[in-house]
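Each structure below appears as C-alpha cells.
Below are two complexes that have chain A in common, paired first with chain B and then with chain C.
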Partner chain A sequence: MEPPKIWREKRQKYLALGISCKKCGKRSFPLSEYCPYCGTNDVEEYRLAETGKILYFTNVSMTSDEMAFNAPYCLGIIELNDGIKVTGQIIDCDYKDLRKGMEVKMVFRILARDGHEGLIKYGFKFTSM
Partner chain B sequence: MRMNGRNVFVIGTGLTKFGEFYDRDSTSLATEALNAAINDAKIDRSSIKSAYFGSMTSNSSPHSVFSSKCLRECNMSIPYTRVEAGNASGAAAFHQAYISLASGIYDCVAVIGSEKLSDFVKNGTIEKILGSTIDYQWEYEIGATLTSLYALITKAHMREFHTTMEQLASVPVKNHKNGKENPHAQFRREIPLDRFLSAKRISDPIGRFDLATHCDGSSALILVSEEYLERNSEIKNKIPILSSEHSTDVLALHHRESLTQIKSTVTAAKKAFAKVGIEPTDIAVAEVHDAFPISEILAIEDLGFFEKGEGGNATEAGLTQLNNKISINPSGGLKARGDPFGATGIAQIVEIVEQLRGRADKRQVSEIEYGLTHNIMGTGVLAYVNIFGQEEMKQ
Partner chain C sequence: MNKVGIVSYGSYIPQYRISVEEIAHIWGEDATELKNQLQVPKKSVLGLDEDVVTMAVESARNAVNLWDGEPKLIGAIYVGSESHPYAVKPTATIVSEALPTGKEIMAADLEFACKAGTAGMQMCFGLVKSDMINYGLAIGSDDSQAKPSDPLEYTAGAGSAAILIGSEGIIAELEGTYSVTSDTPDFWRREGATYPSHGQRFTGKPAYFQHSIDATKGIMNQLQTNPSDYDYVVFHQPNTKFPLSVAKMLGFTKEQVELSLVCRHIGNTYSASSMLGLNRILEKASSGERILMTSYGSGAGSDSFSFVVTDKIEKLQSYPFDIEYYIKRTKDIDYGLYTRYKGLLK
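Presenting the complex of A and B:
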C-alpha cells in the first residue's frame, strides 16, 4: 500500500464525500474539482446520504492479499437515498439473506491491511438496517 | 479527400502456443511470434519501419523493456511504441498501428501482443492487476474484483432476461469444443456442462471454471498499406482491414444506467458496420471477448448478432457453434485459448485472418465474406471492433 495515496484520499474515503454543483445543481460521486455534468469548477463538497438500498449484490471469495483477511464477503451496488449509487461491501450478514431492495446504512470499517504490522486502510461499508 | 484514410492490409500472422511457460520470458515469446509473422508475410524484415507492442504487464520486471529486447533479437532497429489498455492492450496496439498506416505515416509496421502472467503466482496478484481495468479507487479498493463485477452483471442479465445457468455454461462448453481443434490453445479438451455447473462459486453465480485463464503467450501481425502492395505485387494472402473502431463507456458500474448492455461495444460496432456498409447478419465468423460466460452473451447481443436478451437462448440452441448461424470464437476464445491480456486482441485477429485465408483446418468456417473481432477492457470501459474482408475487397 502507498502511504501518500492513503493520506491524500483519507478525507474523501473516511467521510464518503461527493460534490454538489452550484451551477447546475447536480450532485455526483466521487469528490472531484469539476462537475462531470456541466464542467464548471464552482462546486462544493457534499456528504453522501448514509442510508440506501441494495440494487445488485454478489459475494467475493478470491480477492487481493490486502483484503483477503475479510474474505469471503458480500459486495453490492447501493443506491443511496439521495439517488447517488456507490459500490460497497455489505457486512454483518449472510449472503443467502441478501435481497434486492434491502435497506442498508453506511458504516466506517477497515477495508484493507498490509500484513500484521503494515498500514490499515479504512472506508465505508454497509450493514442492514 | 478520402475521409477514411488509406487502405490497410494484414499480410502476415504469428502466434505462440498459449499456456504456462515457466522457462520462458516475454522477450522469448514476443520474438517467436514476430519472427513467425515476418516469415509468414515473406518480406524482408528491413521493410518494417515501426512496431507497436500491446502489453498490460510484461514480466514482473519494469514494463517496456521486453519490446526493445524483442526487436534486438529480431535484428531490427526501429522505433517502437508500447500501448496499454488493460486486457484490451492487444486490440489497442493494433488500432494504433492501423492509424499509422491509414494516415500515411508508415507503409509497413509490425504489431506484437505479449503477456507473461504465470510469473504472478502469489494469491491475489492477478486480482490486483485486473483492479486497474476497473475503477481502482471506488470499486477495487472498496472490495470489488473484476470477477465480482461480472457476477453483478451476470445476475442482472439473469434477472432481466431470465438467462439460466445452463445457458451461461453453454458458452464455455462450446468454446472448449472449438479450442480442441486449435493447436495454439492452452486447453485442447472438451469440458462437459455439469463440470461448469457443479464447480465451486468464486463470486456467485460465477464458478471456478467459468473464467478465462490468465496465462502466457504472444501474437504478431504484419500490416501494410495499399501503396506498399502496389510496389510489391508478389505479396499474396493479403486480408483487408475494412474498419477498425473503438469506443468507450464510463469506468465504474455504479455510474452506468444499465448493467446488461456494454455501451462501448454497441457504439464501436455501429461505427464499424456503418463504415463497411454491412449489417451484423453479413458476419460469418467472429472472435469476441469471452473472459466470462456473460461476456460472450453480452458481446453477441451488443454487436447486433442477436436481439438483446436472446444471447443465452441462442448459445444454448447451438446457433453460435462452428458453421451454424454465426461461428463465434472458432479458436476457442479467451476461455480455451487462454487469456494473456496483451496477446489476446491480436490472437483474435490472427484467427479471423487465418479463417479468411481458409487456413483454419478443422475449425474452418465455410463461405466467409466478412469476419469480426471484439476485445474489451475491464467491464467495457473501452471496446475495440475490427471488420476484415476477403482479399479482393477494399474499404
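Presenting the complex of A and C:
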C-alpha cells in the first residue's frame, strides 16, 4: 500500500464522502470533481447516510494479500437511506444469515493491512442493526 | 475559575466473547474455581478487522453523536492505550480525521498502563479550565494483551470509552482530581515484546490496592468528603473481585460500586476499564448525584475524580448504542477462533 494513495483517499474512506451537484441536484459516490450525471464541476462534498438496506450480497474468499486476514468476507451493495448505492463489506455476521432488505449501519473498520510492518488502511464497512 | 466537567460520553465493546470454561479447557484449569476467584465469566474479543483505532473511533463517534455540538469545536484529543496498532504513528490523528475535527487540534497518544485514558481526562480538564481549548476528548481504548495460559488470559478483554470534556453543557461537573504515582514494577512489557509480564501477587497489595486507596483517600481529604457522600464509586477493574475489595476497604458499600462493574460482562479492558465503568454510571445517574472515580495503571499510579451530576444529564441518557446495547450484543467463539481473532497464530 502506497502512502500517497491512503492519504488521498482517507477522507472518502473514513467519512464516506460523495458529492452533491449544485447544478442538477443529484448526489453520487465516490468523491469526484465532476458530476457523473450532468458533467459540471460545480459540486460540493456530501456525507452519505449512515444507514441503509442490503440490495445484493455475495461471499468473497479469494482476495488480495492485504485483505486476506479478513477472508472469507461478505460483500454487498447497500442502498443507503439517501438513495445512494455503495459497495462495502458486511461484517460481524455469517453469510448464511444475510438477507436482501436487511437493515445495516456504517461502522469504522480495518479495510486492508500491509503485512506486519506496513500501513493499515481504515474505512467504512456495514454491520446489521 | 471556570466550571469544567463532562459534556458527553461514548462507549464501544466488540461483539465476540470467549468464556472462562473455553480457555480453562485448553489449559487444564478448573473453570469453576477461576470464575469464583475472578467473577468474570466471559471476556470481549476483537473481530478480525478491529483494533484500538477502530474502537476509539466508534466510541468517539458515539460521544459526538450524543452531544449537541460540532466536532470542529474539539481542541484536543488524547488516546490512552497499551495496544496502539502502530509503535510510531498516532492513533489520535486517525480519530481526529474520522470524526472529523478541524486540523487545528492538539493530539497525542498516551501510555500509562491501564490509566492512560484518565491521564488524558486530566489533560483535557486542565486545558479547558485554563481556557486554552473549548472542548477536549479523552479516550481509553485497549485490545488487552495476555500471554496464552497466563492467568491474565481469562480476563484480558477489549473495549473503548470516550469522555468529552468542556465548560458548556456540563452533565457531570468536576469537583476535583487527585493523583498518586510511584515507581512500582508490578506489570510491564518491554519494547518489542509481544506480551506483558507481571509480578503475580505483587500486582495486588503494594500496587493496585495501595495506589487506589491512596488516591481515593487523597481526593476525599482534599474535598472534605467521605464515602457516604457518594452515590456511585468506580475503580479500575482487572477482575470483579478487586474493585469490590478496594471499595470495602475504603468504606464504600457494594451497592455504590455495583453499577460500574462492566468487567463482569467483558473482562478487563485496560485503559478503557474505569472509563467504561464511569460511562455506565452516567447512563443511569440522576441530577445532584455524586460520583467518585479512581483509575489504576501499573507502573504505577492512580487518578481520582469527584463529579456532581447536573440536570443536563437526562438529555444524554437516551442513546441506542449505549453500554447495555454492547453488553447484550454478543457472539460466543471457541478457542480456535480466538487464536485467529487475537493473532496468536504467527
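We take it that the second predicted complex is superposed on the first by the 129 of 129 C-alpha atoms of A that agree within 3 Å, B and C clash if a C-alpha of one lies under 4 Å from a C-alpha of the other, contacts with A are read in each partner's own complex, and residues count from 1 in each chain.
In this text, contacts are C-beta pairs under 8 Å (C-beta built on N, C-alpha and C of every residue); 3 or more make two chains touch, one makes a residue touch a chain.
These numbers come from a predicted model, not from an experiment.
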Chain B and chain C placed together on chain A: clash or fit? fit
- Query: So, A:Lys85: does it touch chain B (first), chain C (second), both, or neither?
  - Reply: first
- Task: Using the touch definition from the top, say if A:Phe69 reaches chain B (first), chain C (second), both or neither.
- Result: second
Inset, instruction - For A:Lys53, select first, second, both or neither according to whether it touches chain B, chain C, the two together, or no partner. - result: neither
- Message: Contact-wise, after the overlay, does A:Tyr122 reach chain B, chain C, both or neither (first, second, both, neither)?
- Response: second
The chain contacting more residues of chain A, comparing chain B with chain C, is B
Review point. Does the superposition put A:Phe108 against chain B (first), chain C (second), both, or neither?
Key: second
Margin query: Looking at A:Tyr95 after the superposition, I want to know if it touches chain B, chain C, both of them or none. Which is it: first, second, both, neither?
Written below: first
*So, does A:Tyr14 touch the first partner chain B, the second partner chain C, both, or neither?*
second
Least Cα-Cα separation in the three-chain superposition, chain B to chain C, whole Å, stands at 12
Intersected contact list for chain A, partners chain B and chain C 70, 89, 111, 125
The chain A residues in contact with chain B across the complex are 9, 29-30, 56-68, 70, 73, 75-77, 85-89, 95, 100, 111-112, 121, 123-125
Interface with chain A, chain B side, in the complex: residues 122-125, 127-128, 131, 135, 137-145, 147-148, 151-152, 155-156, 159, 201-205, 252-255, 259
Per the touch rule, the chain A residues reaching chain C in their complex are 10-11, 14-15, 69-70, 89, 91-92, 107-111, 120, 122, 125
The residues of chain C that touch chain A in their complex are 15, 47-51, 53-54, 57-58, 61, 85-86, 94, 97-98, 100, 331
